[in-house]
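Data block below; observations after.
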Amino acid sequence: MAQLTAHKRVLHADLHGDRIRAASGSMVAVEGNVDFKSSGMGGGGGMRAALKRAVAGESISLMDCSGSGRVYLALDAMDVLVVDLAGDTLTVESEHILAHTEQLRLDVQFSGLRGVTSGQGLATTTVSGHGQVALVSEGPVMALEVAPGAELVVDPDAYVGSRGQLSMNLVSGVSWKSLVGEGSGEPFSLRFTGHGLVLVQSAER
Amino acid sequence: MTYPPGNPYGGGNPYGGQPQPGYGQPPGNPYGQPQPGYGQPPPGYGQPPPGYGQPPPGYGQQPPYGGPPPQGAPSGVPATLNPQSLPDDDNVNPYVFCIALNGEWFMSKGAMLAYYGNIQFDAVTEYSSVQAWVANRFSSPVYIQDWVVAQGHGKLLIGDRGFDLNAYDLDDGNLTIKASNLCAFSKQLELKQSIVPGFVTLIGTGKFIASSNGPVIFVEPPFRADPDALLGWADCPSPSVHHDAQWMTQNIRGMISGALGRASGEERQYDFTGQGTILLQSSEIAREDPAVLRLVESQTQLLTNAQAGSLGQRLVARAQQQH
Amino acid sequence: MSFETVNSKVVRAHVSASTPVLARRGAMLGYSGQVTFRPVHGQGRGIGGMVGAAMSGESNAMMATEGTGQVLYGYKGLHVTVLELDGGAPLVCEADRLLAHDANLQTSVQFLGSGGMKQAISGAMTGQGLFTTNVHGRGSVAVLSHGGAFPLQLNGQQVGVDPQAYVGHVGQLSVDLAAKVGFRDVVGRGSGEAFQLRISGHGTVYVQASEQKF
């Protein structure tokens, strides 16, 4: 079975006659006999999902890597993190997805108001099933716990993904607006409540 | 297992190539190899922030990745951090610093990554009208609009473009630092604009956080630094500008551009003499610093109208050349 | 003489009368001692090298560092990898990857890949950087990469490398430029080039963790 291993900023994808999906253009080197084929936009689900993505603007271009050998994948010298999923669901900003094993399912979910003004992430991507997903981030990812009494506010540019029973609200207002520069960044932040983990990267842009 | 246990920053040499000093170093030597000839940080300046170069609490604990995850977190996700396990005024990893906020801190706009607790952010300009002491602490009109006051109680995580972050403890001292690399400072410190454009000086006793592209390199005078690589200096007198005579005579183009700006940096350096410490980083891809424009614009008041017109024409020509 | 690694992005050179250094212009971060810098034009030795450099665009503005002192080199926060050349096979890399090298090392320009002049010209035109610099001799070279260069050891097998991520190679290696079928769709975020470097033989290939060139 295909195996994903993170080596700081490079992902090793070892293929044994099977297939993974990876962000288009992320292949930096390849050993063995591996074929690359564009698999269009991320996720499955046919026409309806494709339409949803077109509307949502949450799109990533993916490629199929199949065969036997090792593919070296990297994106803009960002750190790589491999997450093993065992039937659970991870919510991820799509531009952070570097690769995933074949058995995982990518879906697009609307997340309400989020992104109304930013033009980015009207919807977010969920990854679910059994397998591995590799994420990229600026600097290592921190997993910040959210629990009752420990609500978390995150800069939208630092937000990578989340899991658990979380609800996300927009925080706006004078206090927040003074925090971001004129015309730079988004005029709101994300407040998470509930129970779960929020993945945050080390750079705000 | 995605990272070697207990050594999340690649002490295991992930590329199998060059060792990467500064990552996964033994504790107590956070800035890479011993640097003979280059000054160690003097007491009180740039002291090794605990948690930098050693696994900080909650981060990189064994097993950092892929071990039995708390609360059924998917394996591969790094150890969970919460308000209790986040460090107090310390690095979470080389690129993220956690301020245990209890009162006020000055913070650069955009430095905030996330926070727990009850924290309010106000523009320094607005806050100073309510709290008179603010204007005394932050005496730089050029930079004031790029800063906010964070006020309240909680854990505040800050970062800067994924650069390395370091905490500096001043003990009745002063340190001058590149303004665009300063991320936050405690309200006990006083900020003043340096005479050297693009730099600010912090004075007093307290803590501040600054970023650097790669780990900070400490050197001692006499030393000449490329202006782009200069992160700051402590104790020594302000630098003078050194022009490389040989370079200038050999490179006529360099001489012309040396009059208006700089060609490559080799023809012009900041010259440090006396006693003190100089902080360097790898020269960075210049970030647009809005304050520089304001700074230069204020200087043009020295020009006559004719001079201003002539300068304007030259600037237009330069802008067109670059496109 | 060898470059001393200060951290992942900065190296230090001990320059003396017998060990001058050639470095990329703009790469000097600072120095102590009696050191002077002199712009060096062109590249390589002799007319051939100069012509090749001018035609290929592989000429990079360099400078000589002379005198006695310690000099720090780095460039725009890029990662630096120091390679020791034993006088055998040359280091092959693109000119703009060279941060600094011992001045006694020699450089020359070479076209990388097969296909002759026509392809070479078109490669140069499209900015694929198919012209490379050979660094010969015994000494140290400091090479730039975005995010660090990782080595791939080849013992007779073949490896495919994204030209944007290719940093350089050392050894008995042959390099082919392959236009791979079906590749056009999946490579090049914006580059649109369906090329892949096919490298085989015995030696080491250095690849960076990014498709960004600088």
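Couple of notes before you dig in:
Lettered A, B and C in written order, each chain numbered from 1.
Assume a contact is a pair of C-beta atoms (placed from the backbone, for glycine too) under 8 Å apart; a residue touches a chain by one contact, two chains touch by 3 or more.
Fair warning: this is a prediction, and the values are worked out from it, not measured in the lab.
Compare each chain's C-alpha centroid with the centroid of every protein C-alpha atom shown, and the nearest one belongs to B. Using the average of C-alpha coordinates as each chain's centre, A ends up farthest from chain C. Centroids built from CA atoms put chain C at 30 Å from chain B. Taking each chain's centre as the mean of its C-alpha atoms, chain A lies 29 Å from chain B. Shown for chain C are the residues that touch two or more other chains, namely 148, 150.
The set of chain B residues touching two or more other chains comprises 14-15. For chain A, the set of residues touching two or more other chains reads 7-10. On the side of chain B, the complex with chain C involves touching residues 14-23, 31-33, 35, 37, 213-215, 217, 219, 222-226, 229-230, 244, 246-247, 250-251, 254, 263-267, 269, 278, 280-285. Residues 79, 146-148, 150, 152, 157-162, 165, 180, 182-183, 185-189, 191, 205, 207-212 of chain C are the ones touching chain A in the complex. Those residues of chain B whose C-beta lies close enough to touch chain A in the complex are 2-3, 8, 10, 14-15, 59, 66, 71-83, 92-96, 109-116, 119-123, 126, 146, 148, 157, 159-162, 290.
Note for the complex: chain C touches chain B at residues 4-10, 25-32, 36-39, 61, 63, 70, 72, 74-78, 81-82, 148-151, 206. Residue ranges of chain A in contact with chain B, taken from their complex: 5-10, 81-86, 88, 90, 132, 138-145, 147, 150-155, 158, 163, 175-176, 178-181, 184-185, 197-205.
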